[in-house]
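One structure below.
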């Protein structure tokens, strides 16, 4: 790994933290409590679990602001040890970009404008009229179509496909096997039941700092753009239909599916295998539980679950009742009998009175 | 795009339409109402939304037969503007096949029979004894196994895999990353719980005009064939198990899964993330709602939803009641108490009478 | 196929079977009852279906131990004809490994240790410092990252990706398009809602005899290992999150998703599209029905269905009641009315008595 060495004072500056202990103590890596070794920094998320610090081999720790001083244990107090840990870990791993150029076994088409400082691996393919910014890495087997634009410091991993006309921003990561810009699913059906393909002539636009997981698919627009906005993070095996918009910083967990023309606001979160039907709007900060199926527009901040998705609290209660349906139904049938008995008795008495 | 120019009279002939306005007016492209520019043709699906014609920049429109005449707006009246639009858009985009031959950086095995008029891109791989018809395009990174047959005008997109022995018809489109002919999932388990692989020695057959979406998988048969019949359109990330038959013109939306040996009739529609268990038959024109899970044979034209799938009307009502289960259950408990009270009173009186 | 010829006596020895008929009868292939031809062996799973033997063209049959003798039909009696069939079919198809070496159109990096007896196809890529054991086959378009280790007789199929640092055992099969070792999905979110990537510095370890389906994804660990243990069989389009452990001989059917840090014991079975949330343990021999969503730890041998998953019997009854909810709810409303009537009458009488 040959990670660099940094002092607690240097690290504290990166994460707006306060050192308690020797600020000149140097650490040379970052790892979680159970796997950190001597000389490394680790992190504690909850002050209540302070005893874990003593069991860890790490030499120093990121801790919450409210943790009391522990003699002999050097710490950096921060607001969010979790976040500070991610920032520091990235700092340890940061390395200057090594530009290996276009590998002699890669293929690049005509009229491309490639920055001098790039790395294109063996057996990668770049089409015609492609523009690629600085410090971009394209791994082996990746296929970049014609007229694609790629910003700076973007990584296209092995065997990913970026179809013609796609526009990718900077610091984007496209994981192995992902397909960007395949045709949307659109047909018109004739009287004989045959499906005539509607041409899919739009593109995909992916903004800065987006990550698209392995074997995920983002379809090109029928017309116009399918748009993944900055900071959105999409997990593996996710399907994004044509003309979908995924808002800034939204999170789509593995195997999610978004049907055509649906738009998501900022910081939407959809759990694993969740889905949204087409032509709806899911507004900012909506959270959809894993496997939720959203059929209607959702207002800002809504939390939903189930399919069709309903408010999460209702869903949670409904599924717990669902699990009890067998016994509730038995009770229901007993009660039905009781009510029938009561009615029968009432009628009997009624009859007796009339007879009297 | 350099789309060609066609007159309204020429276009009307393509779609069995009637021109109202100047039949010699030439248009040079097709786009939806909101994005069409001057000189382009657009389309209106519903006569009631006629005011949209005035807001559009398009020079002429496909309109429904029942739309009244609008002075100064040239139209082509057709039975189905949606369908006519798809046909005309395809006509505008149609271009003669450009055969670039086998790229010097592609690899082709031994004893192949390739039509002279084909395009095989850089870093594509074609195995041994492969037969490829005229006007076929195989894109970069695609891998075609041994003994594969491909009809005419078929397109195999970037990084798709067509495993050995597969037989593809004409005008088939295999999207990027799709895998045709991987092994089916079949094992026999010994007394120790170890799974012995059953050889998967069948093939995949894909008929004319089929489309298979990005990163979808169609498994080869254990014996015999897995068969996707003509005109079926399969979206992205769909799983088709071994020995499945998908009938003519069936539509499988993204992330659908069909387990082994299940057969689908013609024009079956399965919504996104729907699934079918193995060894069942889903007959012609069955519609399965998104996320439906079909466990049993379905008769012609059945419409089902839910998992296990039930008739769609029952499912729709059942899920709306499901959402109300928390309040219904509260009512139920109140009612239980009321019934108990009534019983108690009844017994009290009964007792009083007996005592009297 | 040029399958070899074997006598019933030889075959019986392979599967611990007893020949009834001529032990020197030679057969030259294996197929199911309906497709077996003359000269081939077939198999009958259920003694009750004995009439199928007469309709089959096969020359001999694997049959259950309890099947009575049938004059003129040579059979091998075995405990499990299903399992014996798989073993014998594999024996017929077994062929010596043909080492074609590294294809001149493949690319291999520096400092690799490749066994002499391997086959690396055209346009496959192998990184630096990779170690590959004997009789390994790497197909066209596959990309093997740096520092990967691969045991003996493993097959990496077309366009699969094995990312850097992955360790694969022997007799592993990675199907086309599968991605092993992509980054896990892990972020820390800052106060502005931006997601900071947590470095994913662990690896994937895949033990002997594992099979990973087409376009499936196994994420590398955040730290440490994501571990697929020996004999596990994973179908197509399955998602395995970071730090997951899949126990020995577990079966994950197509489109299953396992979230991060969840661990599965031995011989767990998860049906198609089933899922497990993160950080739980699913113990040995648990069975999850297709589409089941497991939210909690599951004890050894539990059988569950639904989402959130509940015991399978409860789930089966609950879904059958769910389908009847519309009629049950109507009855419920009628009953509510009846109870209200009874109460009203009771109060009326009560009132009458008080008045009297």
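Letters A, B and C mark the chains in the order given here, with residues in each chain numbered from 1 onward.
Assume contacts are C-beta pairs under 8 Å (C-beta built on N, C-alpha and C of every residue); 3 or more make two chains touch, one makes a residue touch a chain.
Quantities reported herein were computed from a predicted structural model and do not represent experimental measurements.
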Numbering shared by both copies at the chain C-chain B contact, with half separating same from different: different
Equivalent-chain rotation between chain C and chain A, CA atoms, steps of 5 degrees: 120
Geometric centre distance via CA averages, chain C-chain B, whole Å: 26
Per-residue overlap in chain B, given as positions that touch at least 2 other chains: 123, 141, 159, 177, 215, 237, 255, 273, 322, 332, 335, 339, 342
Residues on chain C engaged by chain B in the complex (per definition of touch): 1, 31-32, 35, 80, 82-83, 85-87, 89-90, 93, 105, 121-123, 139-141, 157-159, 173, 175-177, 209, 211, 213-215, 231, 233, 235-237, 248-249, 251, 253-255, 266-267, 272-273, 290-291, 319, 322-323, 325-326, 329, 332, 335-336, 339, 342-343, 346
Touching residues (chain side chain C, partner chain A) in the complex: 107, 123, 125, 141, 143, 145, 159, 161, 163, 177, 179, 182-183, 185, 187-190, 193-199, 201, 215-217, 219, 223-224, 237, 239, 241, 255, 257, 259, 273, 275, 277, 293, 306-308, 310, 314-315, 317-318, 321-322, 328, 331-332, 335, 338-339, 342, 345
